[in-house]
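A, B, C and D are the chain letters, set down in written order, and residue numbers restart from 1 in every chain.
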Amino acid sequence: MNGRGGVVRFFLFLSLLLSIVGCDSSKSVADGNETVLRGALAAKVRGLDPGDIGDTTSSSVASQIFECLYQYHYLKRPYELIPQLADGMPEVSEDSLAYTIRIKKGVYFADDACFGERRSRELKADDFVFAWKRIADIKYVSKNWWIFDSKIVGLDEFREYTKSCKSAADVDYSREVEGLMTSDDYTLVIKLKKVWPQITYLLAHLPSAPIAKEAAAYYGRDIINHPVGTGPFKLKKWHRGSYLELVRNPNFREKFYPCEGDNADTADGYLADAGKRLPMVDRILTMVVQEDPPRWLLFMQGKIDSSGIPKDNFNEAIDQRGGLTTEMRRRNIHLRVFRDPSTYWLGFNMEDKILGKNKPLREAISCAVDREKYIELFTNNRGEVAYGFIPPLMKAYDSHIKETAKAGYDPERAKHLVKRAEEIYGGKLPKLILAMPGTDVVFRQRGEFLKRCFKVVGLDVEIDYMDWPTFQNKIKTKSAQMFSLGWIADYPDTENFLQLFYSKNASPGPNNFNYCNRDFDRIYEQVAVMSDSAERTELYRKAERIVVEDCPAVFLLHGVAYVLCHDWVYNYKPHAFGYGLSKYRRIDSAKRSAYEELLRAGK
Amino acid sequence: MSERDRIIRKGAAPKGRSLWSDGFRRLRRRKLAMISFAIVITYMVFTGFIYVTELFDCQFELTKWDAKVGDEYEPPSSENIFGTDFLGRSVLRKALYGVKVSITVAFWASVISLVIGVPLGAAAGYFRGFVDEIIVWLYTTLSSIPYILLILAFALVLKGKAISLEWAGLGTYELAGITTVYLAIGLTSWVGICRLIRGEVIKHKEREYVLAAKSYGCSSRRIIFRHLMPNVFHLIIISFSLRFVSFIQAEVILSFLGLGEKNYPSWGAMIDTARLDLPKGYWWEMTAATVAIFLISLALNIFGDALRDSLDPKLRVQ
Amino acid sequence: MSNNGTLLTVKNLSTYFFTEEGIARAVQDVSLCIKKGKTFALVGESGCGKSVTALSIMRLVPSPPGEIVGGEIVFGNRNLLELSEKRMRGIRGNKIAIIFQEPMTSLNPVYTVGNQIVEAIRLHQRKSTSAAWTDVVEMLRKVGIADPQQRVSEYPHQMSGGMRQRVMIAMAISCRPELLIADEPTTALDVTIQAQILDLLDELQEREGMSILLITHDLGIVAERADDIAVMYASRIVEVADAKQLFAEPLHPYTQGLLKSLPRLGISAKRLQTISGVVPEPLHFPTGCKFHPRCPIGHDDKRCQSVEPKLREVQLGRCVACWYARGYEK
Amino acid sequence: MTTYIIRRLLYTIPIVFGVLLVTFVLFSLVGGDVTDQIAGRAASIETREEIRKEYGWDKPLFLSWDSQFFNHLKNAVTFNFGRSWSDRELIIDKIKRGAGPSLSLTIPMFLGTLIISISLSLVVAFLRGTIIDVLVVLLCVAGMSIPFLSFILFGQYFLAFKWGLFPVFFSPDLSTAQYVALPVLIGIVTGLGSNLRFYRTVMLDEMRSDYVRTAFAKGLGPARVLFKHVLKNAMIPIITQVVLAIPFLFLGSLLLERFFGIPGLGYLMIEAIGARDFQVISAMTYIGAILFVIFNLITDICYSIVDPRITFE
């Protein structure tokens, strides 16, 4: 049969047609003169209700919308608390049990439908009381009850009371709590059950942000999608799992860029905008990009303003001496390096039959891990070897801990210790299991590396990879033998680390190691009620030495963060407790366009 | 039936040859199919080889996948054909070891789906009535659930569960990694084979030889296994050679999604790793895994097609 | 042979199938000559190449693997094998039409029969749709379908086999072809219907004055209907004659065998004779005369076993391909 | 016809029941308890009990009017899936939100694959046995043998990273057509192999039918035979393939959406898997199954339109 030409011609036509349909003219979004801050998040935002926020990603967004009583000074180091919604620092009673806090006048919530005709309303002391009672309300099942748990007079009783209520609607919020009173609309009086020096830090912690009753009533459960705060920005659009758009809150009070900072800040240009009214950008566009490679590419294309450096692109950005590569310089990209208040470790479950009673074994494991190599491989040297749990950023950091710690990397000692461990165990050691809180390649590579380290000294360790929920479950039920985890301080007080080793905090509490040491507990109980002093710092160090001696974990590293930002972003000073900082940023749109020009020319 | 078909069939099937010997005679003439078959066999033999070395704890250079053979991220060279990975291990050896995971998963998944699918399909087709309705309901229900969701659901749910085999004197067995994967695939993929067998059995049930067997009083089980099964067996074989590919690919995707083998190299895990390596220009791990999967899939596809063409003249595609 | 009164001449036609198993020589060196208004019968066992010959004339041999490798087909001074595909399409269904063996499957199940016939008419004749539909009804009536008005809008599956064959015939004659090829038109039908269909063909031939190439394996039905007969065996024509002569005096041993296997009225044979052995496959033809393994005369003959006899004219208008055929030595 | 449809609808009831049973057994019984993850750090036993109460996990599993299974049925039938425990958003809202992006990815992908593979398959079926046909078939098989992941990775790396022909990732300022272009292209390329091969087989089966010979014998040209006669007959297997693929369009593409950050249902699934958010997975499974059952019915109705031989008796 001939005549195939017709069919072939027909097909050619069809493919031509398809290719025409396939092309699409692109639209570009007109910007005008408004300035836009563009960022990317590595995880999705779960909800924007401060009372229930438990993850850093959601906090970083919600903190642009909500404010707390106190905040950290943007420029001063070491980190220092200053009033935000409060009018001055709290007045503390003689016995340190009563705090009187005055609240700024003239602070308004952002306009929202929940306020009805009035559109908005002034912030009152009651809004704090409401927010905290809500966290106590068991029907609300907040993740943040740990903040107030057995701390404020009457709040635990309030929680007891809510347990007796049938449903969430039955809870009567007008029920008084003795420790949370308002003497007038602008004064909040807090009474504590026991001395709690860290309270001011927690009053700067996002879950303590005030909530308007109206919003909670109007939106009910849906409040997670409708944040109503007093902050510099308000939510315009939130396409879950994809991007968020925040815009300037027109009701935001007059607030100005700080006029004083560290010595170097003037030279670094962080004080150029001193005294200017905040916020300095009109819009914040935040994308959710969970994969590293595309996020990096978006940054390189100038689509987002600042970015961390993915491990895999580190060499592209940073040269051998730790400075920016010429390519980065050509693109006018700036580098900011700062310490994280973090420590990462491989924890032991001290209640485990094999590990708990076998200190040489724990030490052997600790001695087996090549921290330097680990830091090099998985963080590109963005970390410092850890010997104890207090990160160098903290005031209580003990630079001599290295000398006291005996379980640093030493494979020869490890081999020796393994022998002793076998003697104690009474025979060949069984296979140990290390739980990894993730199943993806990042964790797998770490696991493979660790496995090899252990193999070198003659330890047989199996890596068990699991998703985060399973991992948490294992830890809470004390069924993990060894686990890879870390801690980032919530506030700049070492107490935050110490509580992780307090025996009464054992699982399901934060003491995942189920570590129990009388001496340590005594010190902890002592320091918990002390306010900052040289004596307290010394006790902190002593407590750390006790822990290090017992070796309940392989301390791996303290994080060091590298952040890159484009030259059109001003006032990008790194901050270890960096929430709600977008208001300080300034954007130079002209420079951004110049970068696009540069990219086009480079092609 | 056109004249041409008749000619071809006449030419190909001289009288007195069985379906099988005739099929294999035809198969042998296809060079491509035989090369493919050789590749499939090589993969199988290699899997067996890895198992044997592990059983007897022998060490061969080629199976030492976790040995450091060079620097980190060495590009391919004559020494290391596919370069090295982030710990300086040979990517080639990892890819070779991955054969074991893939073949094991595909093999057990096949066995499980056969063990479930064939008897159910045969019973449904042979007994009809209530039995049929229940079985059809079961597989219609399962096939209504999107396949990938079903596999994922099974894999998720099975992960970390322990199966008690105390009654068999084997103790409890924790489901981990690879076991989860083939159980999930096997438990979800018997539907296709069950449907196929049911249809064929219904068709054959009315044939004379079955009626004859019935007439001289064969038991149902005997009829099913001695008379019906041999007549639909070639369909099972064909279906499986083609399904094997999809099992291998399913394993890759599950591993990639973090539900598969993690303590040993597998192709899915290698691709997952390579996902991060690729933007850095480390293309070899990705390539090695892709080539390994491509080869076996291609071989199985071609071989399966050829097998179908040779054994099932009705389905012949010129 | 004179051109006078000749409609179609096939000369040395060879059609091979190139299969994986080897070359199947389905038609070799076939020549025949169909006269205007006459019926030419091509007879042979199934698989001997009759249908392929018919398809070759229509140039419908499935390609690949089939291919017409040589010869010419002259139709009205034109060699069909040299025509462009487009010109050939103008002839197919228009000047030469064909009816196939399987009426059950030869119609498209998803279109009404009317639709399918209209398609043929509108393709070759400049007619409006409504005129074509009138034609269709007319055609259906002609082929003896009752109630054609209704039937046009029916689907093939709603009709019986005989009806469908009638529809096929209606479709074939809808453009008044000069040659109608009927490829085993009755094989798939009941015996009673067979006769009806064959009678219909006769009747139509008379009325329309067309030639028919009747392809069949059944010598019985050819006897009263054909004017000329060619017998085919294993890809070659082994004997050509007019009908009377052939039945009276078959020259080729194969023809003789065929005739002996026919039941005849008035002759009381105890049992019918059969030809022993089987038809050879196109891929495994024997050497020499292809009939020699089954031939009662030549199966031991060296010449028959090694050299294939050509079709030779042994008497006026009679050609045979056999070394032993009478008159050859003359 | 109406009675047929009603009967078919009734027949779907046991199937839907079966699906619900399977999802319930899988996720509620075997899946395990997720209370701890909801409770957050340092949660007390009371908090966990409260959570169990809130989600109804304290009720009996079966055999009660207020059992978990019965509520599962009730909620599924009314499409009230409750809130996801990982972020307390209404599950139905999540699904509604994801459907748009998923469909904007899967529909062009599906149509593209369909049109290209069907028209190519006609051409190839017509050219069967020629070198072009053999090459196309080999290419198809080769294409089918390359893992999907490799296609995505290499596609993203070369076409987007290296050559900058497409955006690498979803971004809110891009028009849908822009961010969807590359994943659609990759989807089409990967789907082409198996589809083309399937349609080619279907077409070839039809091409060998006797009516095709009849059509040629009428003097019809190949295009007419292919598009009028063959295509309509091939519609039945095509319809089965096509209509039954439609429900899957709603589920999006797990891997493509993950790689290109398209906030569709596939992405939702991946997240739900990572977070063990079984309620989301169960809801998606259920909706997928419902769609599948509905489209199964539509398939049958389509058959009757295409094939006059099929009637609803």
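Following the convention adopted for this analysis, contacts are C-beta pairs under 8 Å (C-beta built on N, C-alpha and C of every residue); 3 or more make two chains touch, one makes a residue touch a chain.
Since we're looking at a predicted model, the values are computed, not measured.
J.: What chain lies farthest away from chain A once each centre is taken as the mean of the Cα atoms?
T.: Greatest centre separation from chain A goes to chain C.
J.: Find me the chain with the mean Cα position closest to the mean of all the protein Cα atoms on display.
T.: Taking the mean of all protein C-alpha atoms as reference, the closest chain is D.
J.: Suppose each chain is reduced to the average of its Cα coordinates; what separation in Å results between chain B and chain D?
T.: Averaging C-alpha atoms per chain gives centres 23 Å apart.
J.: I'd like the Å distance between the centres of chain B and chain C, where a centre is the mean of that chain's Cα atoms.
T.: Here chain B and chain C have centroids separated by 50 Å.
J.: Measure off the straight-line distance from the CA centroid of chain A to the CA centroid of chain C, and report it in whole Å.
T.: That gives a centre separation of 88 Å.
J.: Using CA atom averages as chain centres, what separation in Å is found between chain A and chain D?
T.: 37
J.: Going through chain C residue by residue, note those that touch at least 2 other chains and give them in order.
T.: 60, 62-63, 65, 86, 89
J.: Residues touching two or more other chains, restricted to chain A: which are they?
T.: Expected reply: 1, 3, 293, 297, 467, 470.
J.: Which chain B residues reach two or more other chains?
T.: 2, 258, 275, 278-279, 318
J.: What residues of chain A sit close enough to touch chain B in their complex?
T.: Spelled out, the residues of chain A in touch with chain B are 292-293, 296-297, 311-313, 315-316, 377, 438-442, 444-445, 447-449, 451-452, 462-467, 470.
J.: Under the stated contact criterion, what part of chain D meets chain A in this complex?
T.: Residue list for chain D touching chain A: 34, 36-44, 46-47, 50-51, 54, 83, 86-90, 94, 97-98, 101, 112, 115-116, 119-120, 122-123, 126-127, 161, 164, 168-175, 177-178, 181, 216, 221-223, 226, 258-261, 263, 267-268, 271, 274-276.
J.: Report the residues of chain D in contact with chain C in the complex, numbered from low to high.
T.: Residue positions touching the partner: 128-130, 209-211, 213-221, 228-229, 232-233, 235, 306-309.
J.: Could you pull out which chain C residues touch chain D in their complex?
T.: By the definition above, chain C touches chain D via 58, 60, 63-65, 86, 89-94, 97-98, 100, 102, 105-111, 119-120, 123-124, 155, 157, 168, 171.
J.: Flag every residue of chain B that touches chain D in the complex, lowest number first.
T.: These residues of chain B touch chain D: 2, 5, 137-138, 140-146, 148-150, 152-154, 156-158, 161, 245, 249, 252-253, 256-258, 267-268, 271, 274-275, 278-279, 286, 289-290, 293-295, 297-298, 301-302, 305, 317-318.
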